[in-house]
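Per-chain numbering from 1; labels A, B and C assigned in written order.
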Amino acid sequence: MNRIIPIAFHTFKEAVRDKVLYNLIIFALLMFGCAILFSSISVGIEEIIVIDLGLSSISVFGLIMAIFIGIGLVSKEIERRTIFHILSKPVRRFEFIIGKYLGLVFTLFVNTIIMTVGFYIALFYQTRRLDAGDLAPLATIYFILLQLAIVVALAIFFSCISTPIMTAVFTFCVFVIGHLLSEMRWLGEATHSAVVKKVTAVLYYLLPNLSDFDFITRTAHGEKISGALILSDSLYALLYVTVLISASILIFEEREFR
Amino acid sequence: MLAIETTNLTKDYPVGFWRKRPKRVLEGLSIQVEKGEVFGLLGPNGAGKSTTLKILLHLVFPSSGTARILGKELHDVSAHERIGFLPENPYFYDNLTAEEFLNYAGALFSLPAAERRSRTGRLLEQVGLTGSRNLQVRKFSKGMVQRLGIAQALINDPELVFLDEPMSGLDPLGRREVRDLILGLKEQGKTVFFSTHILSDAEMLCDRVAILNLGRMQGCGELKEMLAMGIASTEIVIESPRQELLDELKSYGGDSVRTGDRVRVEIPKESDVPAVLGRILQAGARIVSVNPVKISLEDYFLAQVAKDSRESGGKESRAQLTGGR
Amino acid sequence: MSYNTPSISHGFSSRRICWALLIVGFAFLYAVQRQVDDELGVYAKISDVLYIPAGTNLRRLSLGNEGLLADIYWTRVVQYFGRSHMENAGGRFDLLAPLLRITTDLDPQLIIAYRFGGVFLMEPPPIGAGQPEAALQLIRRGIVANPDYWRLWEDLGFVYYWDLKDYKTAAKIFKVGSERPGADFWMKSLAGTVAAKGGDIQTSRLLWSEIYRHADTDAIRRTAEVHLTLLDALEQMKRLDSLLALYRIKEGHQAQSFYDLYASGFLRGLPRDPTGVPYVIGPDGQAQLGQGSNLKILLAQ
């Protein structure tokens, strides 16, 4: 059990020094500058747009990072066989998976904090004030993090069964589908086919329902997220991640490395 | 207790997209490695050497048969506490420095921090990477990566060290260093199990070898024994012989090669040698030297492979000899 | 993939735990998702109600960033509007309604889009698109998406009042709007006045002043200003008409020009409209805007 910590720690170290990461963060911070610029040409919605663009940047760049780092640090590692020297040490297979996951999530967490700071700087620059109401976006950012935690777990899961490129493709596809699940279910309910209704209902509960975590637009309009929802969504994310990691471990235990 | 013991180890890989037919890459391998010896696993590319190593390290699971490492079953990960492994063409983490990487390796053995520090320092010095300790692995040359690999294989002061093609990609100086290192490990009483397709290395280092080809073991034992399979031929160097003599000697088989005014004649059958010597003396030619030519491991090996190809129809083993990865 | 792997025996405990976590996890996920659905019901997705193809597809594609896209579209609206305005008085506003529709599909709570559309879809060229029906449609959707925002009722009623001159409907709408939470008190009396008197300058002035005071964009503010100016001119002209009538009674004949009124002491100076152009007397004997007055364009509604 105690191998998990060194694996997580060194995964974090390796990720944090990745050039791709730096470029993405700089790009994200640039986005905040753009938000301010954008708001000056956008009439009547100056504050709304800083929040919209700022939070959307955190979300989009977080997603790109989650997929890229996830692939680089798990899928590529399996493909390039660097895990040979890890698995030849007294490391159990589940320790590898859990350690990698924790390292990746922590990396994303740190990056999100950096971007949150940039976001608030941009917000303060725009509105020249910071009051209690401006803390609302923090809950939204927390939800973005929960989403990313699920995406990283997806990346690890797919890493165990396919190549780096396919892992990226599958993870991204599930991400997109995850946002359309409510629509799909609504459409399914509207059709007359019982089969379609059943199928969409099953998929709705089976696949990760990422739209549960979309609050950017509402936050921009000043809505707050209720405590009950924060609790429910956190539980959902925790459960889904647990399911994904368990499945990953099961697959990984059987995997051979030629 | 044996360091390594395998009994009838067999591995099939599924091949083909729809109807998965198994391809047998390893068949009935049974070897025993004593503690403290240097054991070599030889064979051409694709013989099953890497597969054997990976099975022993639990990276690949055997289809049938059993094995033990240091007395423990393969799936018992605690056995890994006392082994070290250098994979072939190792690839490590680009962004960590050499020191950080060894630290990581040590942490995976749950070594305390102070212990990790001191061992890291010692090992870096031993493999000659002290100057590069703060350099990111990304910037290492192939030789440096190999040496770092050896260092991480020894971080836990293992009893049993597995090396997969340890000389690959090294220049002659590097290879000598690795050879010295292996001998040094043997002096410390460690067991070394390494695979290679470079026979001269095996000749120099190994106490015993096993030869693999097409997944099957061709021979196993002390090199001395295998090499003393017999004297291949006898080489006689004659000075300025007359052509008639040479023509006569041809009847004994064997080639003759002329270099300047000396001719080297090879007589395959040992029993013919006295008669040949007699004829040469009779002809009045001067004998410069008489030397028995021992069969080298290479010859033995090629003979085995040729025998296999005769038995199995030829195509595969020839490809292995001439092709390679 | 498994080939008689002995690993089954060693991974025994961890495999069992993983399977247990998998099955139990999915079971609980089902329950939690239902809980989340309940809670999200509070923030019901309005777009399900307004099922209009184009914008909704775009909304689906935005994967949670629909607010940002709405902002981008809104910016396009503003730029498009500004550009059309500048391309001289014959500017075309064909795209205004579709752009506003997409913007509000993406973000049904972008109030400013409804209010802006309400004014400029209604106003005839060269000020706006001259599509009062489109304006009504837009504002109605805004009301459905934001039922508590009473000013949208004000905007809706205003279109009936100002452009369609349908005072009965306008009064009804103002009444409903006045009952929304937080509505200003004058809405109630406005409803009564419009029902009783129909359109008059006082009411119009009140409404345009409201629009001016609460304008979110400069464009709206300027338009309101112009309308208020015109209302001032209309009031002035009414007063001038009264003076002309008094002159007729006193002098027994029509005045030829306002100079006559000045000469006989009815006026202290030559009357000019708020833009500084002198009034003239039209062929019907009533006050009229002078030749060069910009307000003439507005009056031609």
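Assume a residue touches a chain if its C-beta (ideal position, glycine included) is under 8 Å from a C-beta of that chain, and two chains touch if they have at least 3 such contacts.
Everything numeric here is computed off the predicted structure, so don't read it as measured data.
A.B. asks: So, comparing C-alpha centroids, which chain is the farthest one from chain A?
C.D. replies: Farthest by centroid: B.
A.B. asks: Of all the chains, which has the CA centre nearest the overall CA centre?
C.D. replies: Ranked by how close its C-alpha centre lies to the overall one, first comes A.
A.B. asks: Counting C-beta pairs in contact, which two chains come out on top?
C.D. replies: Going pair by pair, the biggest contact count turns up for A-C.
A.B. asks: What is the distance in Å between the mean C-alpha positions of chain A and chain B?
C.D. replies: 48
A.B. asks: Counting only Cα atoms for the centres, state how far chain B is from chain C in Å.
C.D. replies: Distance between chain centres: 85 Å.
A.B. asks: Using Cα averages as centroids, what's the distance between chain A and chain C in whole Å?
C.D. replies: Whole-Å distance between the two chain centres: 39.
A.B. asks: Can you list the chain A residues in contact with two or more other chains?
C.D. replies: Touching at least two other chains: 92.
A.B. asks: Using the touch rule from the top of the page, what residues of chain C touch 2 or more other chains?
C.D. replies: 1, 5, 7, 11
A.B. asks: Where in chain B do residues touch at least two different other chains?
C.D. replies: Those would be 58, 61, 77.
A.B. asks: Sort out for me which residues of chain B touch chain A in the complex.
C.D. replies: Residues in contact with chain A: 13, 51, 54, 57-61, 77-81, 83, 85, 87, 90-96, 100, 104-105, 107-110, 136, 149, 152-153, 156, 162.
A.B. asks: Please output the residues of chain A touching chain B within their complex, sorted ascending.
C.D. replies: Answer in residue numbers: 2-3, 6-7, 10, 13-14, 17-18, 80-82, 84-92, 256-258.
A.B. asks: Okay, in this complex, where on chain C does chain A touch?
C.D. replies: 1-2, 5, 7, 11, 14-15, 17-19, 21-22, 25-26, 28-30, 32-33, 35-36, 39-40, 42-43, 45, 48, 60, 63-68, 70-71, 74-75, 78-79, 107, 109-110, 112, 116, 216-219
A.B. asks: Along chain A, where are the residues that touch chain C in the complex?
C.D. replies: 38, 41-45, 48-49, 52-53, 56, 59-60, 92-94, 175-176, 179-180, 182-183, 186, 204-206, 209-214, 216-218, 220-221, 223, 226, 228-229, 232-233, 235-236, 239-240, 242-243, 246-247, 249-250, 253-254
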